[in-house]
Amino acid sequence: MAGTVALSVAATSITRTRATTEPALVRWTLIGVVLVFLGLFLAVPLAAVFSEALGKGVAAYFAAFREPDALAAIRLTLLTAAIAVPVNLLFGVAAAWAIAKFEFVGKNLLITLIDLPFSVSPVVSGLIYVLLFGLQGWLGPWLAEHDIKIIFAVPGIVLATIFVTFPFVARELIPLMQAQGTEEEEAARVLGAGGWQTFWRITLPNIKWGLLYGVILCNARAMGEFGAVSVVSGHVRGLTNTVPLHVEILYNEYNSTAAFAVASLLAMLALVTLAAKSIVEWKSQRQMAAGKRTAAEGKVR
Amino acid sequence: MSIEVRHITKTFGDFTALKEVSLEIPTGELIALLGPSGSGKTTLLRVIAGLEVADPGSGAILFDGEDATSRSSRDRQVGFVFQHYALFRHMTIFENVAFGLRVRPRKVRPSESEIRERVSALLKLVQLDWLAARYPSQLSGGQRQRVALARALAVEPKVLLLDEPFGSLDAKVRKELRRWLRRLHDELHVTSVFVTHDQEEALEVADRVVVMNEGRVEQVGTPDQVYHHPANPFVYNFLGNVNLFNGRVEGGKVHIGDMAMELPEQMRPDAETAVVYVRPHLLEIDHQPTNTNHFRARVEHINPAGPLVKVELISEWGDPVQVEISQERYRDLRLKKDAEVFVTPKEKKIFVEKYSI
Amino acid sequence: MALSLKQRSVLPGFGLTMGFTLLYLSLIVLIPLSATFLKTAAMSWSQFWNTVTEPRALASYRLSFGASLIGAAINMVFGMLAAWVLVRYSFPGKRVVDAMVDLPFALPTAVAGITLTAVFARNGWIGSYLEPRGIKVAFTPLGVVVALTFIGLPFVVRTVQPVLQDLDAEIEEAAASLGASRWQTVTRVILPALLPALLTGFALAFARAVGEYGSVIFISGNMPMRTEITPLLIVTKLEQYDYAAATAIGVVMLVMSFALLFIINLLQWWSRRRYA
């Protein structure tokens, strides 16, 4: 969709005539208003992160990362993402395959249910696991009996992260695979390919950019999640603190420089995410546009 | 390989795409499935390919007399050319054609050099060997179409199935390609079935034409048979332009205006009305009344562009009538708008309608 | 084809993928969510009602909903403008600006929270201009609005942008050829066409803002009755081991988000029907 969009923009901006655009004065005023608004709300805070982080010099900045608690937080965040992203990736591919390649009753309901975690407040996302696995929860007594700790421990953090990043890959892949249809897979089947062969050789190459896009977004959220993780973590320093939680602790201890230094790490992650996202978006749009183009040309009579 | 379709029914929810369809296709024939959209022709093709499963308990598909109904499309050894080609967009042309060989189990997979040889030979056959390294998006529609064909042939199918193979191409390429397909078939002699909604295409390319409508087979026959001896009004109507005249049946004859035509003997003599079908080029125009059956008409519009001159008339009973005459005849007649003329059907087909109008 | 049943498809793997999808969805999402609703069943109705309508809770709803509404409204206006500028005009650095719009999605909320606080605090870059003029942002309800505007910023832009891009230039030319002024064309032809997308973006931004936690708690100051948002109240109740109250308020929020989700789906259905 977006690929054809990009092409049409290029075309219309050339052919746009006087009758369908505004006078230069109006144009530049609007551009100015938007840039000031986005500057105030996006650029200034972003710049402030780095300014505050480096406010007491480079040495103080790097000192924040040498602390064992900070390193433990980074390790836990990486571990959490390393579990949450692959399982949601697996789920996303499976769900998209079932939804995009087959027809069944209740498909729209299923898509809505998959999107559900996005509309739940992060705090509530954490709360539901506390109510399930916490001491007061449904399974709490049983877990306590068997000495299994989920809430205020790493498994709880991983579970809450999986919940809040649940839909990312699936919601990228479902529309992409629906748009691509099933003809290529059918062709592969008729040519004698097995199920896995069809998936690995035909489907996966066609969705790789959309898949990567979903993974990038999923990873950013998994590493940056605060509310849900905060509820289930228990804030044990060096044990159940992720990087965002570590930022909060440092900030609440009035260790502002260290807080912003660690925050700058997350801000850089955000910038890398945005850059990677833009590149992948461009690539996947081309993939989608190429698919659409061949399909569209095919349909012209 | 011969194909036999026995009493196949296929429904999609409330919609019945195929109703008890039966069909026999002998080895080596080139068959066209012809019909309007929604007639079930593509569904029938997909059922033969195993891409669609017929309703449970509704009949069988036989390949060479063997029941293949439960065989998966993978095991049916059919080559299928998709309407929009379904080329793998992330593979080169060469890899597209090689795909069916590469996915074979190791035991029966040809060696790399054999694959190369076979793919090159196929690309030569479809005259595209110079494009082997390109990607599908870099090819024209006609080229993609031929790649799709080469890919289907690579697995040495016993049956070749083509879904609207020329539907997506512009008129000129379409004509070239269908002659080429006919020649290719004469070379390879693999049993082939293609779907089309274009009667000209079906009549020109196929050995036999299967005319379909609303999920049923209306007629099966050679192009000559279906064109000149249509089994029913639908087939007559679908294969080319036609004028309809409603007549009364009286004393074994059909009366339209002053004309009276013999009702063929096998027609029901008790019918009250009949419809006479005449193709535009089988109507003759004259300024004088002829001694045979004729009716009067007024010239409404003349379009002399094209190999035949198309004349639109209004008959004496007020219906529009289309006539095609040669340029020569048109010059001889010196037809003018609003001229009074006499029209004589040279050849006609009479059908007794099942209902009275 | 559209109606063909799943078990008759030639592609394999429906049972496997569908089974896994349903199992995973149930384990991660459906069972925990239903368990939460069941948990409130342990409370009596009057207990539940008293908990969710105590003055502190009511004050938090007012703040959460009020600030979210204002934030979403600000985003509707500026998001529409930003989408317009990004689609229709060209200016240097447009691609970067376009990519930056997604920053609130990518920046962890805790980071957003502490930076916005730093920027709008008395000695911050913007706060130091505003406070002498009597405008206090940090640690006031206004601060909550600022944070919720930040995190909802991409929604309206990203829902309006594609619709604006797909809008046929011909309809504008048609309006112009029929004698409409540019202003009339924009207000009578373009804006109505964008309305469903605008409302969808508004609803998405609002829904996100109501549940937001990380970016708000630093800038709000968290004074009960004044600057305490509902998600924070849940966390406070949890920290006081008042699980029943936390659950009750959590269920209120869940019901709200489902209602919003339903409205958003309706809006999207409406806009799809309009542009189909």
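Order of writing sets the chain letters: A, B and C. Residues in each chain are counted from 1.
To be clear about the criterion, a residue touches a chain if its C-beta (ideal position, glycine included) is under 8 Å from a C-beta of that chain, and two chains touch if they have at least 3 such contacts.
Keep in mind that this is a model prediction, so the values were computed, not measured.
Asks: Drawing the touching chains as a network, do you get a line, a ring, a star, a complete graph or other?
Replies: The chain contacts form a complete graph, every chain touching every other.
Asks: For the pairs B-C and A-B, output the one whose chains share more C-beta pairs in contact.
Replies: Higher C-beta contact count between the two pairs: A-B.
Asks: Using only alpha carbons, which chain's centroid is the nearest to the whole structure's centroid?
Replies: A
Asks: Round to the nearest whole Å and give the separation of the Cα centres of chain A and chain C.
Replies: That pair's centroid distance is 16 Å.
Asks: How far is the middle of chain B from the middle of chain C, if each middle is the mean of its Cα atoms, in Å?
Replies: Each chain's C-alpha centroid was found; their separation is 56 Å.
Asks: Can you give the whole-Å distance between the Cα centres of chain A and chain B?
Replies: Distance between chain centres: 52 Å.
Asks: Two or more other chains in contact with one residue: find those residues in chain C.
Replies: 2-4, 10
Asks: Which chain B residues touch at least two other chains?
Replies: 50-51, 72-73
Asks: Identify all positions of chain A at which a residue touches two or more other chains, and write them in rising order.
Replies: Expected reply: 186, 189, 194.
Asks: Touching chain C in the complex: which residues of chain B?
Replies: 12-15, 50-53, 72-73
Asks: Which chain A residues qualify as touching chain C in the complex?
Replies: 1-2, 5, 8-9, 12-13, 15-17, 19-22, 27, 30-31, 33-35, 37-38, 40-46, 48-49, 52, 87, 90-91, 94-95, 97-99, 101-104, 110, 112-117, 119-124, 127-132, 134, 136-138, 159, 162-163, 166, 182, 185-186, 189, 194-195, 198-199, 217, 220, 223-227, 230-231, 243-245, 247-248, 251, 256, 259-260, 263, 266-267, 269-271, 273-275, 277-278
Asks: In their complex, what parts of chain B are in touch with chain A?
Replies: Residues 49-51, 72-74, 76, 78-80, 82-90, 99-100, 103-104, 136-137, 141, 144, 151-152, 154-155, 167-168.
Asks: Enumerate the contact residues on chain A facing chain B in the complex.
Replies: Touch list, chain A to chain B: 183-184, 186-194, 197, 201-202, 205-206, 290-291, 293-295, 297-301.
Asks: How about chain C: which of its residues touch chain B in the complex?
Replies: 1-4, 8, 10
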